[in-house]
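Here come two complexes built around subunit A, the first alongside subunit B, the second alongside subunit C.
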Partner chain A sequence: MDLELRTVEGKGRKVLYVGGEIDAHTAPQLKDEIIPLTEEQETKVIVDLTNVNYIDSTGLGVFIGALKSAKNHNSKLELTGLNDRIKRLFSITGLDEVMNIDEDKREEAK
Partner chain B sequence: MDRQALDYIEMKVPAKAEYVGVVRLTVSGVANRSGYSYDDIEDMKIAVAEACTNVVDHAYQDNGQMAVVCNIYEDRLEIIVSDNGQSFNLQNVKEKLGPIDATKPVEELKEGGLGLFLIDSLMDRVEINGGAGVAIVMTKFLKRDEVEQHDDGVSAANAQNQ
Partner chain C sequence: MADTFSSMQNQYKTILKKYIEDKNEVVLYQAQQFSKKILENQVSPEETVSFHLEAIDEFFPKLPEGVRDSFELLIEVMMGFGMAYREHQSLRDKQKELEAEINVAASMQQTLLPANIPEVESLDIGVISMPATKMSGDYYHFIKDENDCIGLAIADIIGKGIPAALCMSMIKYAMDSLPEQRLQPGALLENLNRVVERNVAANMFITMMYGSYDPRIHQFYYSGAGHEPGFYYNYAEDKFEELYAKGLALGIKRETKFREYHKRVEPGDFIVLLSDGVTECRTVDGFIEREEIISLIRKYQHMTAQEIVDKVFYELERLQHFQLKDDFSLIILRRKV
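== the complex of A and B ==
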C-alpha cells in the first residue's frame, strides 16, 4: 500500500500525479512531495488524483497545509481527477468551499 | 433490537500508522461479507481508519496496541476501536467538532481535527467512552430494500445533503 508520486514540471505550472491510498502511513510521503512544489513563487500546482482510490482526513490535512503554503508563496493549488467518493469527502468536510477543485479535469491535467 | 451479536471478530495490532491500512482492509472484508453496499463499506473504511489514526497519533508515548472489534448483528455492524493509552477531554473535542469554515481566511484553517467529525458524519451511530484509554463504538445499519435506516438525525441530514 504505497503511494505513487510523479511530478511533471512545465512553464509556470507543475502537475503532481498521485496514485494509491492516502492515509496515516502514506500522507507524510505526499506532504514531503507537495509542500516544496508550493514553495516556489507564483507557480500553479495541479494535483491529479485520478488514480487515488482512498483518502481520509490525514490526506485532507496535507492539502490544507499545501493550500496555506501556496498562498504564502503567491502560488495556486488546484485539485483534479477526484472520483465521486473523494468529492463527497471534500463536500462533507466543507473543504470544497476553500479548495480549487477542477470539475472538468482531464484536459487540464494532460 | 437484538442484543446478541451473530458473529464476533477481534484483532489487536500495534498502534502504528502502517497497520491502519491492515485494519481498514479487514473491516472492508467483514462489511463486504455482511452484505453492505459499496458506499457503506467505503464509509466504514474511512471511519475505522480515522479512529485508528487517532490512537496512533494520541494514545501512546511509546509503543502500544490498538484493539479492533467487529460485532456483526442481523441489522447492523458495530466496530469498536480501543486503546489503553491517554484519555482526552471529550467535551473539549466535541465543542470543536465541525466542518471547515469557508468564511475563515486560509491561514486559520487547521490541518487536523477533521477525523472525529468524519466518523460522526459517515457512521449512523457513534459513542466514545473514556476511562482507562479511549473506546470508540461506531455502528452502521444494514440497509435492505433501499429503505434508509437512521436512528441519528444528524447522519440522516448529512446523507441527504450529498
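== the complex of A and C ==
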C-alpha cells in the first residue's frame, strides 16, 4: 500500500502531509520525501500526521533520521496531528522529549 | 545430456502420434507428465516447439510451405519465454543459496541468546522469544552473580530480519563488556547508549528495559530506554500495575541519562517484561490491547512462569492465525517465597 505524500512549501517552512500507514513497507517512501526537506538550511519542516493511523518502529526510525538530519542543517522538525496511539508511541520511546510535537494541533485532529 | 534431449524428442513424437490417432484422455495425461519432464530436463520452450515441428514434418511430409514457416516464427517468439524461464531458474538457485546462508545466520543468532535461565531458589523465571521471520530483532539477556543477584534485559531492535540481527550482536557484546554495571540499570543503559549511538545508522534505534533483582533483600531495580512498559503483579492486592521506566530509546542522543526505579517485591508478586511485538499484535479486529494481555496472564497465573509465557504466546499466535507480524518476547520473574 502506498503512502499519500504532499508537500506544501511556504516562506521558510514546508508542510508535509502524510496519509496512510507508516510501516516497514512504506517507510522508504516517507524517508525519500522527508530527508531532502530537512537538508535545506534553516527551514522549518512540519509533518502533518492527521491522516496517519499507524506507525511502526521502522516508521519511527524515519522520524529519528529526519530529526538528526534537520539538526545537522540548522533546520527544525515539527510533528502535528498525532492520534492517541501514535502519541503513545512517541511518548514511550522518549521521543516526545527530543522532538517538537504540536499539542494544539493534536487536539484539533482528534 | 544429448541423449536425454533426443530421447525427449522421441517421447514427444510418440505422444503426439498417439494423440493424432486416438485423441484420448490418456494421451492428454501423458502430455501433462511430459511437460513436467520438460521442466526437469531444462528443455526450453523454443526447443519444445521445434520437437513439434520436426514431428509433424515427419508425419505429414507434404506440409504447406506457410505452416512450416509459421513454426519458425513461433520458435522465435518462444525464445523470450525460454530466456525468462532460465533467468527464473537461476534466481531460484540463488534464492536457495541465500536461504541456506540465512539458516546458518539464524542458528548463530540463537547462540547470542542465553542458553538457559539462571536458577535462584526463591525465584521462578519464564521466558519465550519467537522471531516473526527467521532472524529476530528481539534480544533478552540474563546473568546471575555470586550473590545470586539476577540481571535481566529485554530489548527490541528497530525493524526485523538481518539488519536487526546484526545490531543485536553488537548489543550482546557491548553488554558483555560492561560487567561491572550489571546490577546498576541506569549506568548500564548510559554506557550502552554511547556504544549504540556511535555505531548505528541515523534511523536505527533500540529500546531496552534493564532490571536487576537482589534476592537477599527482594528489591527490583530497573531503568528503561524507550521500551514498552511491562507489568507488575501485586499478589496481596491481586492487581496488575504498569511497570514503566521513562527514558529515551538507545542510539538517538549521545548523552542521555536514565532514571533508576526500584520496587520491593513481596512473595507471590511477579514482574512481566515484554517486547512491543506483544502489544502491537494485530488481528483482523485491530490491535490486541494491554488489558487483553493481562487477562491472558491472569488466566494462567496459577501455573509456573515458564508455563504462563508459553500459554500466552500460544494464544496470541492463535489470534494472529499463527502468522507473527512482529518478533515476540515475554519474560516473567516471580518471587516464590
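The definition used in the following text is that the second predicted complex is superposed on the first by the 105 of 110 C-alpha atoms of A that agree within 3 Å, B and C clash if a C-alpha of one lies under 4 Å from a C-alpha of the other, contacts with A are read in each partner's own complex, and residues count from 1 in each chain.
Here is the rule we go by: contacts are C-beta pairs under 8 Å (C-beta built on N, C-alpha and C of every residue); 3 or more make two chains touch, one makes a residue touch a chain.
Remember, predicted model here, so these are calculated numbers, not experimental data.
Asker: Now for A:25: first (subunit B), second (subunit C), both, or neither, which partner does it touch?
Answerer: Once the two structures are laid over each other on A, A:25 reaches subunit B alone.
Asker: With both structures placed on chain A, which of the two partners, subunit B or subunit C, ends up touching more residues of subunit A?
Answerer: B
Asker: In the superposed arrangement, which partner chain does A:37 touch: subunit B (first), subunit C (second), both, or neither?
Answerer: After superposition on chain A, A:37 lies in contact with neither partner.
Asker: Look at A:15 in the shared chain and tell me whether it touches subunit B only, subunit C only, both, or neither; answer first, second, both or neither.
Answerer: neither
Asker: Is A:69 touching anything from subunit B or subunit C once the two structures are fitted on A? First, second, both or neither.
Answerer: second
Asker: For A:58, decide between first (touching subunit B), second (touching subunit C), both and neither.
Answerer: both
Asker: Which holds for A:93: it touches subunit B only (first), subunit C only (second), both, or neither?
Answerer: Both: A:93 reaches subunit B and subunit C.
Asker: Would you please give the residues of subunit A that touch subunit B in one complex and also touch subunit C in the other complex?
Answerer: 24, 56-58, 60-62, 64-65, 68, 85, 92-95, 97-98
Asker: Okay, in this complex, where on subunit A does subunit C touch?
Answerer: It comes out as residues 24, 31, 56-58, 60-62, 64-65, 68-69, 85, 92-95, 97-98.
Asker: Which part of subunit A faces subunit B closely enough to touch in the complex?
Answerer: 1, 21, 23-25, 54, 56-58, 60-62, 64-65, 67-68, 71, 85, 88-89, 91-95, 97-98
Asker: Can you tell me which positions in subunit B touch subunit A when the two form their complex?
Answerer: 17-18, 20-21, 24, 39, 42, 45-46, 49-50, 52-53, 56-57, 99-102, 106-107, 109-112, 114-115, 117-118, 121-122, 158, 161-162
Asker: Provide the residue numbers of subunit C that touch subunit A in the complex, in ascending order.
Answerer: Checking each residue of subunit C against subunit A gives 156, 158-160, 201-205, 207, 225-229, 246-249, 252-253, 276, 280, 287, 326.
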